[in-house]
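Next up: some structures, all given as structure tokens.
Each of the next two complexes has subunit A plus one other chain: subunit B in the first, subunit C in the second.
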Partner chain A sequence: MDLLNALVALTNFVVVPGLAYGSQLALGALGVTLIYGILRFSNFAHGDTMAFGAMVTILITWLFQSMGISAGPLPTALLALPFGILGTIGLALLTDKTVYRFYRAQKAKPVIFVMVSLGVMFMMNGIVRFIIGPGDQRFADGERFIIKARTFKQMTGLNEGLAIKTTQGITVITAIIVVAVLFWFLNKTRTGKSMRAYSDNEDLALLSGINPERVVMYTWMIVAALATIAGVLYGLDKSFKPFTYFQLLLPIFASAIVGGLGNPLGAIAGGFIIAFSEVTITYAWKKVLNYGLPDSLAPDGLVQLLSTDYKFAVSFAILIVVLLFKPTGLFKGKAV
Partner chain B sequence: MTETMKHTLLFVFVGVMIVLEGMTDFLFFSGSWNSALVILNMGLISAIMAIGVNIQWGFAGLFNVGIMGFTALGGLAVVLVSTPVIPAAWSSGGISIVMALVMGALTVVSAVMITKFLPAGKLRTAVLLAVLIVGFFVYRAIFDPAVGSVEAINPALQGNIGGLGLPVLLAWPAGGLLAAGAAWLIGKTALGLRSDYLAIATLGIAEIIIAVLKNEDWLSRGVKNVVGLPRPLPYEVDLQNDPGFVERAAGFGLDPVLASTIYVKAGYALMFTAVLLALLWMAQMALKSPWGRMMRAIRDNETAAEAMGKNVTRRHLQIFVLGSAICGIAGAMMTTLDSQMTPGTYNPLRFTFLIWVMVIVGGSGNNFGAVLGGMLIWFFWIKVEPMGILLMELVTSGMAEGSALKAHLLESASHMRLFTMGLILLLVLRFSPRGLIPEK
Partner chain C sequence: MKKLLMATAAAALTAGTAYAGGHAKEVKLGVLFGFTGPIESLAPAMGDGAELAMEEVTKSGKLLDSATVTPVRADTGCIDNGLAVANGEKLVAEGVNGIIGGDCSGVTGAILQNVAIPNGMVMISPSATSPGLSSMEDNGLFFRTSPSDAREGQVMAEILKERGINSIALTYTNNDYGKGLADAIQSSFEGVGGEVTIVTAHEDGKGDYSAEVGALASAGGDILVVAGYLDQGGLGIIQGSLDSGAFDTFGLPGGMIGDSLPANVGADLDGSFGQIAGSDSKGAEIFAEMAKERGFDGTSAYASESYDAAALFMLAMQAANSTNPADYVGKILDVANAPGEPINPGELGKALEILAAGGEIDYQGATGVELIGPGESAGSYREIEVKGGKNETLRFR
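Here is the complex of A and B:
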């Protein structure tokens, strides 16, 4: 039995990746949930908005790299991020103006909006593949690790190493900053308050003189920024491939629904719930258990509940359980 | 020009396009009858899928984005029904696999029973968790060794439990049944909630079905694919070796190779047309029946229909299962046509969202519209690529030879497909939301 090593192994393989992935999902789910709260539909184009934002950022990153601009130990992509956000905001406002506004004026049913977002998803997907191609792109540069496994072993004298990638650290820190700013904006500023009012009760908000088009515009800007940040962080941490971003849609929706659609706090909680369930259920626990349990109890197999190929099944199963027992989500979301 | 005239002309237009594809190689046409028949066959299958989706969306307003999953289940049915029996697989582990699956199903059923019949409280949660955890480990304990032994049998060719060795045509209804079963499970959980939830749930189940097909090698060999599935029609090679056939082909002045390929493809086209017509007839009769009127009444105003004593959730479940079953049949037909099962090729953009474009463009709520949309959009899906390349060649013709931009543009032309399909969907939704052949 060696609890310290068990703890380190657990942190290395479960907690750190879970935190990073959870932050990425939470940022994505925040975007979905904001659109749901204000515009009242599930935006199927969100994954591809993330891909678009990440793509713009990658292109600017390459430009910066060719010009010799770098952020020292940090990835150059962080410098390019603001430009990516601007580009995505432009695209989001353009789609809203050309596509969604028409249906808003018509007061179309939510399901029509969902279908329209499907068309938008198709087009964005096409644009991204057209510009950068369907392949894998790696664009992380700078220092790779905050702590290397070997350094950690030497420092502590433990058998197990703990490696924290720079991208994981950046992901968590960025997510904390973004969420703090977002909540400050929603709770303290005039625009943020008008957004919440509009989300709670549209008619009442209109009566009190809130301009709906302005609210919608700000929502799209925030959502575009969130999507770009989430997309870039995910791309830095893993790699950028347009199809993966489409597949992220499922865990992101699961996070938003588990937390309660339309509820920003719920989206964050949901993101971490989904991420940690995925990581813990698909992780082979043999190592941790070998350290943590007395030798007589040590397991023979890998102790992996599900193979990693089924990580989507995990988010899906959680989604189904929540839909069955608490369709409004854990944090009281909007109507069923 | 009357409405009927216009609609007939639309169908004639699709027919002319396919005939042109066979006759001329002008612009984006290929001038090969084989290629024309390939487009026709997949067009017919797409039309059947479009009817399935139209039943769900057009009749009842249900939004299913898991068509890919139901299609793939149809493909799985072909493998399970028509491939030869592998006795060794059954004696070594097949029975245990079935037992394990029954065990897993029993666990889930008992969990459902517990939540239904025990009063809510700590006791229920504890019992529920215990049943689930014990059930899962028992399931894995039976399942894992059995899978190992099945996959060990002749892994280069088989390594799966094989099929039932039945005629492949039986796989078509079997595919429908498999898809219907999956649809029932999904519908039971997600129907009766917000309309978007069904969309998200179906999106998820489709991904999971594909993941299962890719990874469960004992079932359908996963990404190693099952090739050489039995066919309802003779093989081209056999035809070419048949003197009678060669003679008849010569009588038409045809080369035996060309004649045999066309014979097989035309045979499929006839079979698919028969299925399509049968399903179309059934869908039309259903639409005109009191049941169809009730469905549309529910779609247009759920509250009113409920007040009239209709059980909206049950009717939704019913129609969701029916529509998915049709997609399953189409999926089985497609796998039969390819005579191989390749889980890696199932792509949601192609198998789910493209079908949606077909239904919307054709005219949601109208079965003929769905058929037209299926054929028309399939033709364009195939032809957008050569059209895109033509367009790009035109655009880049002024650019310097060998410039990076020109190379990139030409190379990316194939990605025009998704963009064009999205654009078509958005344009139709905006300017002609009732589609080419609107609902009456």
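Here is the complex of A and C:
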């Protein structure tokens, strides 16, 4: 019984939030890594692309809600998601056409692209704030919980509750589906293969007749879709605020780099590594140990390795260690 | 000593220009608040509050030689020391006779050290509540119309004890305000025999607080006290704790009291309680009424303290018959405290008359002003409980 309590406490406060946060980071990191792999630059505008996608989805969600359309127990935002993706694809293609294509034609160095993406980031930042404002927006509706802490306690008779939010469930399931579809696309379809070929060796790909503009276009479409999905899931699970998306850029890049920039598998692994390191290393193990150990061994202190102040320090320490010993990341991406 | 000499010398210099202004019948007061930044939603009402007092005095025509009082607004950014100090210097250069501000504790300390002390300028802050400012070396130039958070810590400890709460988990927003308040709550609560299971910081403007909530939940406690901001991380922490079933009841200090919190969290917040600076004096009602006429919300946090800060400047100037900071600074405590005729908001004209005739006043103002110790408000608090999705006032302490 005590062991069960310990397990439940751990699941409730570490595993469930870690999985949800990890999925959100993984989806974001996939977008960053695809841009890096195929277009060969670090896209700093990614966080704000996520914010833009989430914003369009929110606006459509509100429209649906006012029209009385809902998805029953699921959030209405899921219905609005396709429209959000379309809107973001439009924006991504527009920026590519007006901004990035110019520098591609000049064969600009990657660092120039990075600076350009920084500019794009501030533009998008402004657009999002201009349209929806800098404040908090809540758009989650439908059933809030799959299982509530109190209900779980009554059902099982345990001391510890387990809560799983609907948004957490949706996040993990959507992430699995999206990743499966993405890998199928990259590995099995003609377009996906041409993208990988272009990523591996640009000259060879061009020689074998792959149309680079087309590859770039597909990449932006996929990235825009990924960014919107990640942005909406994050907004549903927490809340939507343009500034938090801007701040999300750091853990997302950390995830992509730890996993290996340019490697999709690495991005996913990186997302979970960063998320779990933030949650576990600063977790106070007192409760779990009190349940798990016999009374004589139960700790008095909090058994917390590091205070939560250091949670970001932890993910960046991991980042630095990985870069020092394996500059290409855990999953062999491109050297940074 | 050298510093003091320099300060007086500088004060004399600025006083020269100030006198020139004084005789031209214009008194300038700097209004130095965070019109941008984390409390940008509060700053406009605070500015309006201060300017309301100035208008009232100008209209009465009784200050010195029927001087007009002109506000000069400037921005602190709330957390931007560089900006705040630069703007403080700008105000001094423009020849203000006193500075109402700053607002957030960190920048207020910076302005005090870098602008007010070197220039001998007097500052009255309506909203800087960090206990650190009580002990900061200020050459007697710094006052505040809000109580120190040390006092709030005592009040909170009393409330917790009366409600039979023996252990709390404590989290604070990671800045001067949050840290100071958390320290005050912890030491006061431990002083009355309570147990604080964990003290942990949270960063504002993040979306994910699962790590913080996990640590707080593991440490346990009867309730969770959140010394943060209601539109920021404080809300995220409460939402996360409720979602995961970590805590059901929350202790809410001043920064967490506002209508948006019960509205955002919903019915689960019912039963949580806290306190915010405020008094049941008659002045508060009068002020709210006056603010309504002028078209702003007088119950907005620190708007009434701002009115009082501006009023204290002008009353002290009248009492000293001078707009020179070095002259009137000694009169601030006199006009604020007994003995004398009690003065409510809207009665500034009457107060000026009494002072001109050599009488004494006890300025009550919108917040029941009573300055103690190093020139800060003694502090009365409203005890609040969330009932049916609304903040309800239980009593005053």
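Keep in mind that, in the parts below, the second predicted complex is superposed on the first by the 328 of 336 C-alpha atoms of A that agree within 3 Å, B and C clash if a C-alpha of one lies under 4 Å from a C-alpha of the other, contacts with A are read in each partner's own complex, and residues count from 1 in each chain.
The rule we apply is simple: contacts are C-beta pairs under 8 Å (C-beta built on N, C-alpha and C of every residue); 3 or more make two chains touch, one makes a residue touch a chain.
Nothing here was measured: the structure is a model prediction, and the numbers come from that model.
> On subunit A, do subunit B and subunit C fit together or clash when superposed?
After superposition on subunit A, subunit B vs subunit C: clash.
> Figure out whether A:247 sits in contact with subunit B (first) or subunit C (second), or with both, or with neither.
So A:247 meets both subunit B and subunit C here.
> Of the partners subunit B and subunit C, which touch A:234 in the superposed model: first, second, both, neither?
second
> Once chain A of both complexes is superposed, is A:307 in touch with subunit B (first), subunit C (second), both, or neither?
both
> What is the contact status of A:133 with respect to subunit B (first) and subunit C (second): first, second, both, or neither?
first
> Tell me the contact category for A:279 with respect to subunit B and subunit C: first, second, both or neither.
After superposing on A, A:279 lies in contact with subunit C but is clear of subunit B.
> Of the two partner chains, subunit B (first) and subunit C (second), which one does A:17 touch, if any: first, second, both, or neither?
In the superposed model, A:17 contacts subunit C only, not subunit B.
> Would you tell me the residues on subunit A in contact with subunit B in one complex that are also in contact with subunit C in the other?
247, 307, 309
> Report the residues of subunit A in contact with subunit B in the complex, numbered from low to high.
41-42, 44, 99, 102, 109-112, 114-116, 118-127, 129-131, 133-134, 246-247, 249-250, 253-254, 257, 305, 307, 309-310, 312-313, 315-316, 319-320, 323-324, 327, 335-336
> Subunit A touches which residues of subunit B in the complex?
Those in contact with subunit A are residues 61, 63, 65, 136, 189-190, 193-197, 199-201, 203-205, 207-208, 211, 214-215, 348-349, 353, 356-357, 360, 411-412, 415-423, 425-426, 429-430.
> Can you name the residues of subunit A that touch subunit C in the complex?
Residue positions touching the partner: 9, 12-14, 17-18, 21, 135-136, 138, 145, 148-150, 153, 161, 163, 165, 234, 238-239, 241, 243-244, 247-248, 278-279, 282-288, 302, 304, 307-309, 311.
> Residues of subunit C touching subunit A in their complex?
174, 197-198, 200-202, 205-208, 210-215, 217-220, 231, 235-236, 243-246, 264
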